[in-house]
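Both of the next two complexes hold chain A, though its partner changes from chain B to chain C.
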Partner chain A sequence: MQSTRQGWLWNSMRDMLPAILAPFAGIAAALAIIVLILEWQGADPKVAWDYVYEGTLQTSERRADLVSFWMPLAITSFGLVLTYTAGLWNIGVEGQMIMGAIGATWAVRLFAESKNAPLGLDLGRNGVIIMCFILSAITGGLWAWVAAALKVRGKVNEIFGGVALNFIAQTFNMYLVSNGGPWQPTGSRATETARFPDWVRLPTFTDYRRLSPTIIYVTAAAFVVICLIMYVSRWGLQLRAMGKNQRSAFLLGVRTERNVYLAMAGCGALAGLAGSFRVLAPDVVKLSASPSGGVGFLAILVVLLASMSAVLTPFVSFVFAVLSKGGQRLESGFQWDYDLTLDRSLVRVLQSTVVLMVVLAFGARNRFFPPRSAQPVQDEAQIDRT
Partner chain B sequence: MLKKLAVLLILAAVVFGGVSSVAPRAQAQDEFIFGVVLVGPKDDHGWSQAHYTAGLYVEANVPGAKMIALESLNSADRPETTLDQVVQEMVDAGAKLIFTTSADFEVDTTVVAANYPDVTFINVSGDDALWGIAPENAGNFMGQMEYGKMIAGCAAALKTQTGSLGYVGPLVDPETTRLVNSVYLGARYCYENYRGMDAAALKFGVTWIGFWFNIPGVTLDPTEVSNAFLDGGADVLISGIDTTESVVVANQRAAEGASVWTIPYDFEGSCAEAPEICLGVPYFNWGPAYAKTVEAVMAGTWTQSWEWNAPDWTDINNPDTSAVGFAYGDGLTDEEKATLAEFVDLLAKGATGEEGGINLWTGPLSFQDGTEFLADGVVATEKQIWFQATNADEATTPEEVTPPQLLAGVEGSTN
Partner chain C sequence: MFSGLESTLRGIIRSAAPIVIAGQGELITERAGVINLALDGTIMLSAMTAHVVARETGSLPQAILAAMLVGAAVVFVVVVSSIGLRLNQVAVGFVLTVLCADLAIFLGKPHFNRPGTEIPTMPIPLLEDIPFFGPVLFRHNLLIYFSLILTLLVWFYIYRTRPGLTLRSIGEQPEAAFVRGTPVNPLRYAYALLGGALVGLAGATYSLSVKLGWKEDLSGEGWIALAIVIFGLWVPSRVALGAYLIVGLRSIAIDLQDSDVIDLPAQIVNMLPWFLMILTLLFATSGALEKVVRFTPDRFKPAVRRFLRAAPPRALGTTFEKH
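Showing the complex of A and B:
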């Protein structure tokens, strides 16, 4: 033991500094690239920033709209923490959201729309809304269960299974709401169901007609559950072990197949809830042609950037929500005030740039300054895989 | 843990670090701002571009008018926003009049308009104002595109060598069904009367992609649909969707030596993608209707209405007066153009009630399922044409109108 006090300091600095600097370097690189892209498009980056701020955070109404987009993104990310920690690439999350949206709509049709209500139950508003959440969690969870079964039973990689199931979910959704489908109202000209009856809509804030506190409560509750699973329960530990090495975990007594089912179904249930948020949003209240709209894929980026850390996902998803909504304002702002048309895919490019640069920075740090601690922190090991 | 903290701090810095006030942007004193919400890209060479062009027309012709537009508002392209939010953004930016230019916005426009009684809304192609469902500050207009489509059908019938036409349709609703039927009526008339062929021998197929334009993974791919038509023997592709995939496909096939032609839709300049094989394009000229509405709202004289604007029959291509037009394409020979002009003249006479004109919405016409649309000699009313339903005039709510159907003779389903 020759580690003097000085040596100890040096060693921990040597480990910590790159860990702290890596994300800084990543974000700095991303910002630099974003500034270059904006300059190249002829947009003043300072003005661009002002637009992003104005479109997301400046007024309480914009903040409310931001939150209503953030919540489904966040809750989907919570679910993905389960699967990605266990090493499961749940690409099918998009389809699970769609199935959840369909489930929530189905609940409204079963319990609330007098014309279609075959059950004739009088649940009242809260009862119907709870049924929406339950049914969306079940349909989303089942859809993920199918992907898990394909993986466990059929040896179909969850990525390929997920892509196929996404396609099926989207096609099924279109069948329901387009071209005179069973859920499209007669004579309707829009590709969507009828608006849900007024009396089953989510309660809203008095001042913000487009935001419901209910989805915030549900998301917060989901966050607590995921944190308990990941940081307290033995099951969270098992998922981590599977993520590191599924074979070893199995040999050490972890029931890996059962856990594949459970992690996928848990993620699907949360994605399903996100789908219900999307259709029950007070300014939507219907099933549209594309209820998920890529939010599930965005959540995958969130989880990768948060390196599967449950506590980071709310913040990373918040930043992504800001980038998405701010990006739209950035686009309209430059167009309306400066007659400058930015490319429509710019927002996606900006988001991807942030992810790419941060992941690259982590990769560079692992390559050039590998952590020397005997027992690496879990998520550092996972960064290796990304 | 430290690393997580660091990421947190950085994220916080990114979000809040650059907080600064947005510089107030000067707005001219007498500027009148109007919003245009587009369902697709403003340069789609089709439906949305035709609307964007109309906004530019207003800016050029109505002093003080300034457009603010948002393109591609649909749940696949912009999952982060809704019509309600966009309308608020436009109103915050000073808009006093907002055009929502898709059937997909119809229901939401009616709901949102009630929240902004001081702003005027126009849902293009909708009919909520006709039924009295819309609040007083929301109206509708549309162009009488069925004439443009009849001319398109005639042009296709004049050209086809295989006697087989393919129509790439968007989604099924009264409007799109009306337009498919219009093409069919025009094609049948010209095939019989100018080509001297048996109308029953004309093959006319329609495939619906499921939405107004291609959304990968969501709709059928119009490129594949177009190729399938050509592989199936069709030699004229007629587009009914917002974008120009069928034009591109036909152009590729023509470059490979095939004798195929194409008829785009919506936007006057859309033949430019395949000028040599383009037979022409039935297009909307929204400018005059936009300008009229902007001027009325500026003057405070606008009142709610549902308008179905006709072409200017003295010159259907007059940019200042005609709501719909037909731009002749280079794919037609001079002789064919002359024949087509003769057909347009007959339509004009029919529409204005002159002697010797034709009205193709005259019975006997029946639907695919065998039910009668119009009895022998009966001329359809405006509402019967609009809804493609026999009982349109008796119905008191939209739900009572029978669902639209394709005419007998058209191949393709309505569900």
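Showing the complex of A and C:
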């Protein structure tokens, strides 16, 4: 009895240890690479971290700016958890975010800026903001629906469809706001729309004029919904089954095609909401040439690093937000204090290196220390042979 | 008018060269069953490398070699992680494309917008004097000539040689190839590295010839090359055709905008490659091809069928394990 208990402990340790160590090994390797790059450039890694900290976490105003960057990233990552769990590579998330930004701007133009709103509706401030959220979720969701339809109906892989739809959304956005496009104010040379009217702006905290509580509530609600879907609902289980093996899931009665549409559209809707956060942010309030700013691709990295776990995404996206926002201070700090040119793209190098190293570490773990459950059982193999 | 057409065509052949080279490289990689999604970042990183090496050493061969090594190194990570570690090629490729693009921007910052070294033009004697074709085809530099003959080389290798048949087999039916004694995984390594080196060469073609110097606006070209491989349905001739078609449309759009003849937003033309790609994929997978074949006269059926036949390599993106 004693020995089997010890065996159980040993076996589970043998499974657990590599699984726990793998991400740390990956993160350590990535940090080592970045420290080497910093030393090679003549920058002190400690000072670099101090700048990142100073630029994001030190004062409450910086923290407010950080949160306002974190929320769109987090809500996009929640959406991606749905598609990636189902084994769908929604690379089109960037385009879905842009379409969401366009949808929100469209709502402002329809209900706040035009003299005759549809159906003569006079929605007032809250009504217009709610319309912004609804329209952005619809446009983002529809854009994802197109990718899903291409996959289900046309058998076009969602990666290739997504890349194409990204570029189409991006060029459509450019068309709207540049070179006398329909949404560029007449006489303006800047590639952006006019600032939205003052009375439709999101409510802000009294102390932090650049952060809106509304986006925090919406993101928190999205987090609860995604957690319920992933950990409580039957549908989450179905998505997981599809991710493991779509064909088996289909044979077991999962309506895989319907789920592809739903997961993609759900993710697109959340990405669209993130797009509306980006244009409605109190210090932006206009549609610019690049409303997504790469946040969609960053969210893909977040989900890959969090291994598609819904509870981990808020933390991982927070760390990535700190790095992204800290990059600006890192660049200017070294420029002013040390007269050293260190481009802020370094933090993005760090982000993707961490993801690459952790993914590789998990690969190494599965290859060289496979979990017991994944190994063939010794006895059965012997029975087969005899 | 005549010289205008000449210079337009010459320009198209020049600016399509990197896309052709990268497209054929990716085609070889994908025909062997490996997806290299890191194309876009690889092109940026290798273009930056070629520019910096050329500036620092003054040696063009070294610059080109360095760019090709970068391309091969990136794809090496993709293959090691997919064949060696059984990871998802798409995931690793995506992370690498982001990583390489940012690395190129970071490392290239000190060399940004500095004058670049250009590969000298080498007109081919006698041929360059042919009216019209001379200036269009035979007054370029070595890399552009290479892009012109590469399509032919790849086509000949894949469809007319025995190793080419093996290449196709490891991308279509690796199990069958393995049973016949083909070393599937070593060959996949080899062809992926070859394709990656070609992608690196495409990057060098940008910074040493087409868009002289290192600028960050290269982003997007790799995705276009990837789209063209799919648009060309994994056939060398159609990949080249797609590259020339899309670059041609782009340059015509720029000319039209300058001339103010029609008020056509450039964005519409920029969207075109992507619409074409989606439509082609839909067309190829929806069974519409069979209908086209049915309505052609019997005499032309085999030829039309051969031209339209299209399917991605069946084992694309999968890993092969011997049992």
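List of remarks:
In the analysis below, the second predicted complex is superposed on the first by the 360 of 386 C-alpha atoms of A that agree within 3 Å, B and C clash if a C-alpha of one lies under 4 Å from a C-alpha of the other, contacts with A are read in each partner's own complex, and residues count from 1 in each chain.
The criterion applied here is as follows: contacts are C-beta pairs under 8 Å (C-beta built on N, C-alpha and C of every residue); 3 or more make two chains touch, one makes a residue touch a chain.
For clarity, every value in this text was computed on a predicted model and none was experimentally measured.
Of the two partner chains placed by superposition, only chain C is touched by A:T353; chain B is not.
Once chain A of one complex is fitted onto chain A of the other, the partner contacts of A:D343 are limited to chain C, with no touch recorded for chain B.
Applying the stated contact rule after C-alpha superposition, one finds that A:A164 touches chain C and leaves chain B untouched.
Shared-chain residue A:S288: touches chain B; no touch with chain C. Looking at the shared chain after the overlay, A:E54 reaches chain B, while chain C stays out of its contact range.
In the superposition on chain A, contact is made by A:M174 with both chain B and chain C. Touched residues of chain A, counted separately for chain B and chain C, are more numerous for B.
Overlap of the chain B and chain C contact sets on chain A: residues 167, 174, 178-179, 181.
Across the complex, chain A meets chain C through its residues 89, 91, 150, 154-156, 159-161, 163-165, 167-168, 171-172, 174-175, 178-179, 181, 297, 300-301, 304, 341, 343, 345-346, 348-349, 352-353, 355-356, 359-360, 362-364, 366-367.
Residue ranges on chain C touching chain A, taken from their complex, read 37, 77, 81, 84-87, 90-92, 94-96, 98-99, 102-103, 105-106, 109-110, 220, 223, 226-227, 230, 265-268, 270-271, 273-275, 277-278, 281-282, 285-286. If you check the complex, the residues on chain A that touch chain B are 16, 19-20, 22-24, 27, 31, 47, 49-51, 53-55, 57-58, 61, 65, 69, 166-167, 170, 174, 178-181, 185-192, 195, 209-210, 278, 281, 283-284, 286, 288-295, 306, 309, 311-312, 315-316, 318-319, 321-322, 324-325, 328-329, 332, 335-337, 344, 377, 380. By the touch criterion stated above, chain B contacts chain A in their complex at residues 1-4, 6-8, 10-12, 14-15, 18-23, 25, 41, 68-72, 74-85, 88-89, 93, 103-107, 111, 115, 125-126, 171-175, 208, 210-211, 215, 217-219, 387, 398-399, 401, 403, 414-415.
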